[in-house]
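Going in written order, the chains are labelled A, B, C and D, and every chain counts its residues from 1.
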Amino acid sequence: MQIDDIPSSTARDLASRIVTPGTAITSDPAYMRGHGTFGENDTIYSSVAGAVERINKLVSVRPLKQRYSGEIGDIVVGRITEVGSKRWRVDVNSRQDGVLLLSSINLPGGIQRRKLESDELQMRTFFAEGDLVFAEVQSFFADGGLSLHTRSIQYGKLRNGQLVTVFPQLVPRSRSHFHTLPCGVDIVVGVNGYIWVSKHVPAAKVEANSELIYSDRNEHISDSERETIARIANCIHLLNRLYVKITDTSIIFAYEASLPHAVKDLLTKEVATDLAHTVKARLLQQS
Amino acid sequence: MSRQELLSPEGLRVDGRRANELRRISCRASVLSSADGSAYYEQGNTKVLVAVYGPREPRAKAQFNHDEAIVNVEFNVAPFSTSERRKRSKGDKRLLEISSFVKQTFEGAIQRSVYPRSQIDIYIHLLQHDGGTLETCINAATLALVDAGVAMADYVCACTAGSIDDTPVLDLNGVEESSIETPDLTVAILPRTGNIALLQMESKLHTSKLEDVMDLAVEGCKHIHKKLDDAVLNAANDLASKLGR
Amino acid sequence: MSTNAIDRRRINGPQRSVEPVYLKTETSVSADSRQDGRTRTNVRPIFMRTGPLSPQATSAASPSGSAYYEQGKIRISCAIYGPRQGRKSNPRMGIFDCDFKYAPFSCSWKRSHLKSSDEKEIGLMLEQAISPAIRLDAYPKASIDAFVTVIESDGKAATISAAINCISAALVDAGIEIYDSVAACSVALMGSEFYYDCTQEEEDSAQCTLLMACMPNANEITYLLQQGKTLPEQTEKAVQTCSDLCTQIYAVICRYLQTSVEQ
Amino acid sequence: MASLILSPAEQDYIIRGVESGFRADGRSSLDRREVTLRTGMISQANGSARCRIGNLGVGTDVLVGIKAEVNAWTPGDGVPESSGVLICNVECSPSAAQEFEGRGAEELNVELTQLLDRIFNGPQSGIDFEKLCIIPKQAYWVLHVDALVLDVRGGITDALVWATRAALLSTRLPRVVVESIPDDNGVMQAEFDVVDDPDDLTELDGVENMPIAVTFSRIGRRFVVDASEQEEAVAQARMTVAVSPKMDICAVQKGGVLRGFMPTLFSEVLQTAQTIAREEFSRFEKCYAEAKSQALSQIDEPSTGSTFLVPF
């Protein structure tokens, strides 16, 4: 069924169509091919199952479930998988591990310190296998790999909390991905679907001594803070399972809806279903 | 089982189907939570569960190439799948053969250049076996790959066909497949262009009959394509509606 | 037991050969007189030597530590290689790997040359029993390999506990840093009494066998395995008796190690 | 089990949480996750069950199929003269973890197979193996218990024992007719034949007093029950205790290579195992009843014959 056959194919109508691999999208030469499509004798076919998206002349198909494919400037959370010579390989829930070069991290002792020979030998004093890193996508390698950097002060090693994994499609790209929620919990929403929920640490304290940025020691976390972190983490799991956009607003909605229930019951079937209804209702009402 | 009983004079087969009838197919996408894509596929009494991971970082550092993804297939058969329990070792030649067939089929269909330096893993579990193993594995793997959002030129639909008493027969079940006289042929096509991704036959079939057995199989594939498409659309619409699209 | 996998590298005898079925002799097991004259709480005599396989001239091929251990009819030899560059390595701490093998002639039925699944599992048990005692953080990226061969076995649980004692002696001989030596023992429940350190016949007729390895000074149970049904209080009592028995065996091992070091 | 590597900060967060009695997902140290149970989804097997331990359909996933076969008794087999036998076999599928590909899962398969065998094969399992003997010294039933592990999110031993217990409860054997026929020189020989009638099936005997397993993972100085994937990556040791409905201890097995258990901690583990086992048995009954009703309702709806992912 070609687009041109539909008499009044408005852009919105085009956009909402769900296509599957191999279906023809349009054979109008004016359109250009974007992601998720391929061309064959000047007809554009879709190569994935998803919703067609048209941005002025570019037609692309965004699959509903896919691994994270990076964009320059994305805020991501990654786990160090391997320590190489002058570089770390970072698992960013993507098609291949990203790379964090020794030259693109902050060295303890402030910005002005030059990179020493000894730094290359003590790579594990900065990041070791299993460490969680909060970084930004800096550039692409020739083979599509992501090159990360942690040069701003808010980036670096993640502490005092726990990790939640969600579908990358549910995390919309927005200005800032580092939020302090009203309930006193910091969240780092990685665009690659890794979300770090942790205790609130005032930014000023981190800048005070830059030796701290690579320490592995957690600060003291009180029981109430621990309970709030667990509640937020369960709310994010719930949103992910509901396949609902995960933003700071939707997390706050879920948090407020979950207050009457105990934290450990949030993910039981009965409580989760009625929480689902209230959250969806508020989201519809709000949008 | 003498040949006569396989096809009754009125043209009915052992399980009551007509010569050109497919077995009942029921399939669902995204059935496993941890896999990137997954599918559960039943064709008659043959039941298959497939999990797809990827494209992701290749585990063995040695075998990856810089400009396209590599496809890795692992096929294992549950010991309780056949009527007579049989535990197959990991290095079982028959299993490796089927996984290499599936690998070749999808190496052509997946647009591997879109995912350089990565690996796509397809793990197939045969839960119940009643003929048409390769056919159900390919259909289920297609569904799981599409569910995982892997870029593919088209669906890959497979179907078996054979001939009993010189009449071409579609979609052989366990009994028909195991009887020696009935040749059975598996064909996998990309429905949009009709290109053949895989053609496999291990028994003798007279060349004159090859033509119409192949056509019957291709006909079956088109029907299966419709079924797979519905399953994908169900899953996609379900997710899209949740997302408020 | 017949060999399951066809072993191409050796001359395979007839496909199925079976251990002769002996006429059942009357085995009367009572509190004070067991088959081999021991009382209920009596442990078979222990003999051990360290260093038989590792001559003082340390060449790369010879193990860094070894031990030979006898407990009644059970005879076990163990060699320790390491700490050395191993196949799998962990950047933060060392890995203790254990390879356990019955000699084909060691049991009443002929054992296959290929490692059977229960030998693999026993190897895993030994790793879980011994590695809590080793200071693994002192050997990052290295691996310590123990190779245990059972020359003669009498009672499965007793053989495993003897293997654990043998490894902990070999570790000391190899000079590997450990928090405390691991001692192990096994008891079997027959009727309502626990019999210490049982032979194969006693173990076959027992309702339940319990194997325990512990570090007496560090007061920590490093391994526990109960096979068979008991009342909870019986398990509790068995663990108590085992830890006392382990302390005694621990004393024997330490006394031997001191005398061998003084020589 | 699967080697998930956590950062020191995450490990410290989990250990401190457990020691203050508040785990990462809000549970206290003795709370268990939800369990979904389905039975009878493999029509060709004599009994089958599927167990998932985890909330919202995301968790450890195990499928167990049981095939009963007849075996001719031979002296050297180590099988007693007048009893049947149960043979376990666990396979971890690579869909659970990438390192299970090829031979990667061999060591874990051996450990889990021996654990299942230690719990279910033998008098401690409560199953009446005498009834599984068809003709003493001649023929006996062999129950092949084959488990397929599809996903691992912590608590793999408990899921295996739950699924095996449910599968054995739902196992149906065909009836066997034994009569003695004089052979050619007049000696009465016992012969048997199996009645192939789908409605005339018998259950196994003694399966109601099969044990259930509770696994304790030691984290820091405390222990938790039903550890999640992250908690298992941090746990230094674990202790699996199988308890029968009559509160007997059927098997105890320690696992984990990093640390041991203090004797005081172990006796606390033994007491807690019994209290938790009581709750687990009532929960098992409820899940099993629901699974049986689910199995009946599904016969007319083949496509959801085995609802793998609970629709949410």
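Here is the rule we use: a residue touches a chain if its C-beta (ideal position, glycine included) is under 8 Å from a C-beta of that chain, and two chains touch if they have at least 3 such contacts.
No experiment lies behind these values; they were computed from the predicted model shown.
Asker: Mind listing the chains that sit against subunit A and also against subunit D?
Answerer: Looking at subunit D and subunit A together, the chains touching each of them are B, C.
Asker: Which chain is the middle one, judged by CA centres?
Answerer: D
Asker: Write down the chain pair with more C-beta contact pairs when B-D is set against A-C.
Answerer: Comparing B-D with A-C, the pair joined by more C-beta contacts is B-D.
Asker: Distance from the CA centroid of subunit B to that of subunit D, rounded to the nearest Å?
Answerer: The mean C-alpha positions of subunit B and subunit D differ by 31 Å.
Asker: From the C-alpha centre of subunit A to that of subunit C, how far is it in Å?
Answerer: The mean C-alpha positions of subunit A and subunit C differ by 51 Å.
Asker: So the centre of each chain is just the mean of its C-alpha atoms; given that, what is the distance between subunit C and subunit D in Å?
Answerer: One centre to the other, that is 28 Å.
Asker: Which subunit A residues sit where two or more other chains touch them?
Answerer: Correct list: 129, 242.
Asker: Can you list the residues of subunit D that touch 2 or more other chains?
Answerer: 57-58
Asker: Report the topology of the inter-chain touch graph, choosing from line, ring, star, complete and other.
Answerer: Basically it's none of the tidy shapes, so other.
Asker: Give every touching pair of chains, nothing left out.
Answerer: Chain-chain contacts present: A-B, A-C, A-D, B-D, C-D.
Asker: Going by the contact rule set out above, which residues of subunit B touch subunit D in the complex?
Answerer: It comes out as residues 24, 26-28, 30-35, 38, 40, 42, 45, 49, 51, 53, 56, 59, 72, 74, 76, 78-85, 87, 90, 121, 123, 125, 127-128.
Asker: Mind pulling up the subunit A residues that touch subunit C in the complex?
Answerer: It is residues 83, 124, 128-129 of subunit A that touch subunit C.
Asker: Over in the complex, which subunit C residues touch subunit A? Could you list them?
Answerer: Residues 91-92.
Asker: If we count contacts the way the header does, which residues on subunit D are in touch with subunit B in the complex?
Answerer: 42-45, 48, 57-59, 61, 63, 65-67, 69, 89, 91, 93-96, 98-99, 101-103, 144, 146, 148, 150-151, 153, 302-306, 308-309
Asker: Provide the residue numbers of subunit B that touch subunit A in the complex, in ascending order.
Answerer: So the residues of subunit B in touch with subunit A come to 30, 36-37, 54-57, 66-67, 111, 114-118, 146-155, 190-192, 229, 232-233, 235-237, 239-240, 242-245.
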